[in-house]
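Shared between the two complexes below is chain A, which has chain B as its partner in the first and chain C in the second.
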Partner chain A sequence: MGAIYETKRSFMKKFFYPLSIAVFGVADSQRNLAKNIVSNCRDMGFKGDIFPVGRSRGSVNGIKIITETDELPAGIELAVILVPAPYVAETLDICGRKGISHTIISTAGFREYSGKENRFEKDVLAVVKHHGIRLIGPNCIGVICTNSGLCTPFNPLRAKRFKKGRISLVTQSGGVTVQAAHLYSEEHVGFSKVISIGNKLDLNEIDYLEYLMDDEDTEQIHVHLESIEDGRKLIDLARKIDKPIVFFKSNVSVTSAKIAKSHTAALVNDDRIVTGAFRQAGIVRVKNIREMTVCAKALHLPPLSGDRLAVISLSGGFSVILGDACEEYGFKCPSLPRDLLDEIESFRRGGVVRMANPMDFGDVHSIEGLTFAVEHCLKLDYIDGMVLALFYDPEIAKLLGQGSDDTQQMLDFLNATMSAYNKPIALSFLSERQYIEEYKRMSPFPVFNDPVESIQGLRTNRNYWKKI
Partner chain B sequence: MGAIYETKRSFMKKFFYPLSIAVFGVADSQRNLAKNIVSNCRDMGFKGDIFPVGRSRGSVNGIKIITETDELPAGIELAVILVPAPYVAETLDICGRKGISHTIISTAGFREYSGKENRFEKDVLAVVKHHGIRLIGPNCIGVICTNSGLCTPFNPLRAKRFKKGRISLVTQSGGVTVQAAHLYSEEHVGFSKVISIGNKLDLNEIDYLEYLMDDEDTEQIHVHLESIEDGRKLIDLARKIDKPIVFFKSNVSVTSAKIAKSHTAALVNDDRIVTGAFRQAGIVRVKNIREMTVCAKALHLPPLSGDRLAVISLSGGFSVILGDACEEYGFKCPSLPRDLLDEIESFRRGGVVRMANPMDFGDVHSIEGLTFAVEHCLKLDYIDGMVLALFYDPEIAKLLGQGSDDTQQMLDFLNATMSAYNKPIALSFLSERQYIEEYKRMSPFPVFNDPVESIQGLRTNRNYWKKI
Partner chain C sequence: MTSPKQILETVISQKRTLLSEYESKQFLSAYQIPVTREFLVTTKSELIHATNIIGYPLVLKGSAGDLIHKTEQNVVRMDIRNDDEAEIAFKDIMKILNGTGGAVLVQELLKGRRELVIGMTRDHQFGVSVMFGLGGIFTEILEDVTFRLAPLDKRDALEMMEEIQGRRILENIRGMEAADLDQLGEILIQVGRIGIEHDIIKEIDINPVIISEGKGIAADALIVLEPALVKK
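Right after this comes the complex of A and B.
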């Protein structure tokens, strides 16, 4: 890790943690979009100075709009530019003269529109070369960084709702950026940074991955791209990164190729080559955004080192469904020791369900019974991980004298047991959506949306660690 | 439609629309389960008389528990029995002597426990034969009928939340019954009847399908089974039913076979034979419960008679994702007439997005533009259906002076346009979960959870009508 590398790292950091920003293109009018960049940053708690710049006097979020660029102070660390395409180059020139070397160009209307390098783009390239400016975009919504509060999308977001987490996402599309930010937050996996990279006129996926590979706030790197600039370089880099990389490559069909080109100037890559190269580099490939959140959960759990699972469900029907899913995804459910099953059966109430693996816990309404079973199954040396589908109903819990404290204790117990044995427990709840959401919020580890998804998650975890 | 058939139909009807019910096994104690049957029925608005029967005096839901069966009035139309297995036969005898010919046996502990016909089961069969009683179960939770308010599960449900709809579901497992009832309600497809059929000691899927095929409250029949009793009979019947049948067959693996046997005494069927036979009979096969709700939505839309779709998304990134999904599921996105695209482009604001199919509507913030595009695309004779992924954000809508009235008008317009051209529109929203839920509630037609799911839905619709 030489000096150049360190210099580049600290250079890149200012795109995410700038001490001050200028926003170009702001107006105090209802339909102005750039003013939302100011309010999004404020909403998400960005603490640095914000300097809105525009052509007409006024103020946004209580901050005066600067109309004479001479009034801009020196030392601004990042500029976000949302002025019409013909004015982008001259705005960059102002940035250069003010010593601003980091810019996000949100403006669209470059090569994605004309299908080739156009005049505006040529002018932009000339100016950035002259001043030594680096840029994200154009045709993007920039950066959302939950750690610094920087939030540069120009659509009004309820940015306070974004959940801080340890996943960073690089995405080519602004729409996907926003949808993913919502989804990762709703799924309680959260995110550290989301970067909308647009046309990649200057910085591209390689630059972002190089930064994120050592970013201490980033535990997993997720990527959504419509085109890969330099496949060989990407694969070489991915091999060096010891964080999970989850990749959603869209633009894989003839139908989408023409759209992608006019959307972010993306060219289609040969999908078979992509698949093979990804496998070699240990990249987890997914097919949609929802699957990315399942991977986020799965790869946060301890590693699954084999195929042998103990499965406990609080419903016979779901035990059967889980047994099918285990087999479909290449898992085995080994028989459990008879004396252990006998001990577990002794917690039963009705005595009508026989224990096996998958285990129907339907008539064991006992937290003690469940914790006993979980711990004693997970410690078996021929069990690599567990699947738990708990039928939870607050009315029944009340009936049994249990409250939310008991649920919290149970979740904490599962978390501690996972850590103690360093084996994953894939947990889901059979309940109404609102209660499932409540447990997701309460749980110190990821909760899946349904039993089948939990096994899909374990498959990802296993394949990642076994490098399948 | 002979007299015997009509007699059987009106006989079966009493399992769903009884004028009065007796519930056996009730006690006024905290842990008693049968008393929940009484409160569930009351919660869901069951208007008939309810007679709780138990061994100790007391009352539940303000109704006195009957301890002397002589006190039971004549003419009760349905008995729900949740007494321990050894007492089921004598309870059935009481029913028979009181002239009750319809029973639901919720009690477990029959052949699913011992793995073969046990003594209790033999006794039950003898009594029902003697009295001519028909029964649902044993080892089930019976019936939830949103039309009559009958709700016989013995777990406390918040039955008021169940959404009335036109789908009836036959399921082997109690856990799946409850989870499906929640999920169908949450997805706003609703249900007419859910039947938990348990061990099928007497009535089986054939009986239920025969009833539902002519039930006027049932538009689609959904089935979840762990075992099929008589495949040939089922297939012959399915061919006669002119309502969509959506089938989730679990217990398809070696792993689950042993569990299914001890759960509902279900034996595994050869899955390849099942697949082939289903296809012949036009049965839509799915792999999990969530997929059933996607089918429910898709098959409620007008028929998709071909593979040619017009796709509109309010995000370029999702246009690309949708293009990929169209191709994956065998759809084509034909080029649209240049003059139509020009007209649509004239509604643009920023003028930076070029129109194609899939169409990126990202900068057309105009309801007029969108309705124009939808109508003019759908009426084209080489377009069979549409996919719409609307990026909706209430903050942006407010900015554009739009309110929820506009959204309602838009939804009503889409519904009317679909009916006018008898072609489906698969709609999804790109937004936060809470707003998506709001639009699901508002919409007079089904809304999918995300863009890819909407295309999966159209595939089901097309395959059903093309009999693929």
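Right after this comes the complex of A and C.
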């Protein structure tokens, strides 16, 4: 710890917050990919200097392409390399001579292409060792950091639309990198960094996790891996990290130890061990990218400290569906005090629905009734959290608000109530897609896509906090 | 009593990679894991001596260094109730084992009806891993098992028992008393410890662990050594 540790941390930081970058492999032509790295960075608001480097004269994004590496200034903090595999080693040598010790190698054609024995890879390793260079990749798309504006994927992205947030993802897949960046943004949880780590020729998941565990812009760490370098080390590190870790481990179908003599060894497969080990380390395991966003939302909410929920829905049918889902995910819906139910019932219009838990609010057409019920239920000491599924659109909003659309005030009230009691409200809207999107965007806290997803989210939240 | 180290030395000196049931249980007992009361006998007088000490009903099993699937080899006789049955079973088993230098294990018949499995294996990625689940024939049929990495703490062990689908088998059901989870947890912790302390042990299978009067007792056990380390 101490000095060495701090040095590694500040070293790693330059991969995400460089003051200047060089992009190797740029050409002023339609088909060139490296030039997109320049435009992606500019789109996302990267403020540092960008030096495109290529073989032919020209310019990209109004910046002159450097053809003579002697013209590269000293002090560049990060190089992104997208030149053909046979030229990667010599490009790294140029970086080394220019004093660049941080590199992202986007180029493919290494071990993923031709197995373990790969000449280009050996050359690369020799050069980086000689110059003390550290690298992300190869075979990756590098880093998207909403805080610094660094956006190194070489496919054109509408990077402006990426939403800033406090999740960071480490992934082995370029496809997942881009898809996750879109999903986090569309779901309004946003992200701080998405790191495409490629073949892990040098830096691997342990290095990234060590950095992210203390990164002040990261509150939740998400990981997607096909292969784990050192499972034991990963688990030991995960235990030290006090931020939620959400893990999507793919490529789990390979069974090991077919010739095992004992039952124990025969029953081992990567998946069972991974499941057990992750639980031990408090890692939240998910099975797809969509679930990562559900976890992202769920873990943003206050902690759910037990199994007891109050459920309010603006539909009798959904009350039943939610009751089933609560049972399926191990939640209870305790009976609510009769006098509270009587008070809530006084808000009814037709007086035709009896209140219970789950509560059918179909007959209450008043925002006061809703806020009263939310606050008084959440405040009960035997209620740990709430599920709220609202039949809602601009017309219903007006009906509830006696003519005015108070949606924003309602969302702010829910947010404040959650904070006041430090209990989660898992909110979803039953509405047309366009309105759901609008309410998600308006809400100061995460909104789930449907009622069942909100209960899945609460399960994640509960299990995570139970483990802490 | 033979120490764990002595047991391993004997097996290694014979270039064997499997401990017999008897050796395996001796080894486990040294780690405070309860095992069935049992004696290894090769003669009729030893047999009678053993039956006198343990008392009926009991179990007779063939025992030889390389014998692992005892039921399939037809060398297990359950529920032996008197001297006559014991002698017939003894002769039978010795005949089947003929020429393998085997012996007969005379073992108490545990009263419990609930069978669990506890095991240890080394995962290439995660190292020493401990398994818990439903035992006996259900181990293979239902594969209702769960794993944790060693060293285990008590919470890990309790979570494993809560995690299997058939967790209710540990509760007070059909007049059988609830299993002592602390005691079972201690077995899980100890099995993990064995894995950590002995690199040469590749796999452990305790199947079944029978719940008898609430306590888990190893009714059968197998310890497998890493061939590469035995030959060294």
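Keep this in mind: the second predicted complex is superposed on the first by the 442 of 468 C-alpha atoms of A that agree within 3 Å, B and C clash if a C-alpha of one lies under 4 Å from a C-alpha of the other, contacts with A are read in each partner's own complex, and residues count from 1 in each chain.
Methods note: a residue touches a chain if its C-beta (ideal position, glycine included) is under 8 Å from a C-beta of that chain, and two chains touch if they have at least 3 such contacts.
Since this is a predicted model, take the numbers as computed values, not measurements.
By the touch criterion defined above, A:Ile228 reaches chain C but does not reach chain B.
Of the two partner chains, neither chain B nor chain C is touched by A:Leu341. Residue contacts after overlaying the shared chain place A:Pro156 against chain B, while chain C stays out of touching range. Put simply, more of the residues of chain A are touched by B, taking chain B and chain C as the two choices. Applying the stated contact rule after C-alpha superposition, one finds that A:Leu237 touches neither chain B nor chain C. Shared-chain residue A:Arg433: touches chain B; no touch with chain C. In the superposed model, A:Gly362 lies in contact with chain B only, and not with chain C. By the touch criterion defined above, A:Ala277 reaches chain C but does not reach chain B. Common to the chain B and chain C interfaces on chain A are residues 256-257, 260, 262-264. Across the interface of their complex, chain A is touched by residues 18, 68, 117, 119-121, 123-127, 129, 131, 133, 139-140, 143, 145-149, 156, 159-160, 163, 202-205, 207, 222, 224 of chain C. Interface residues of chain A facing chain C in the complex, by the touch rule stated above, are 228, 230-232, 235, 256-257, 260-265, 267-268, 270, 272-277, 279-280.
By the touch criterion given at the top, residues 30-31, 85, 108-109, 112-113, 155-158, 161, 171-179, 182, 186, 224, 226, 250-260, 262-264, 266, 288-290, 313-324, 326-328, 332-333, 350-354, 356, 358, 360, 362-363, 391, 393, 395-396, 399-400, 430-433, 450, 452 of chain B touch chain A in their complex.
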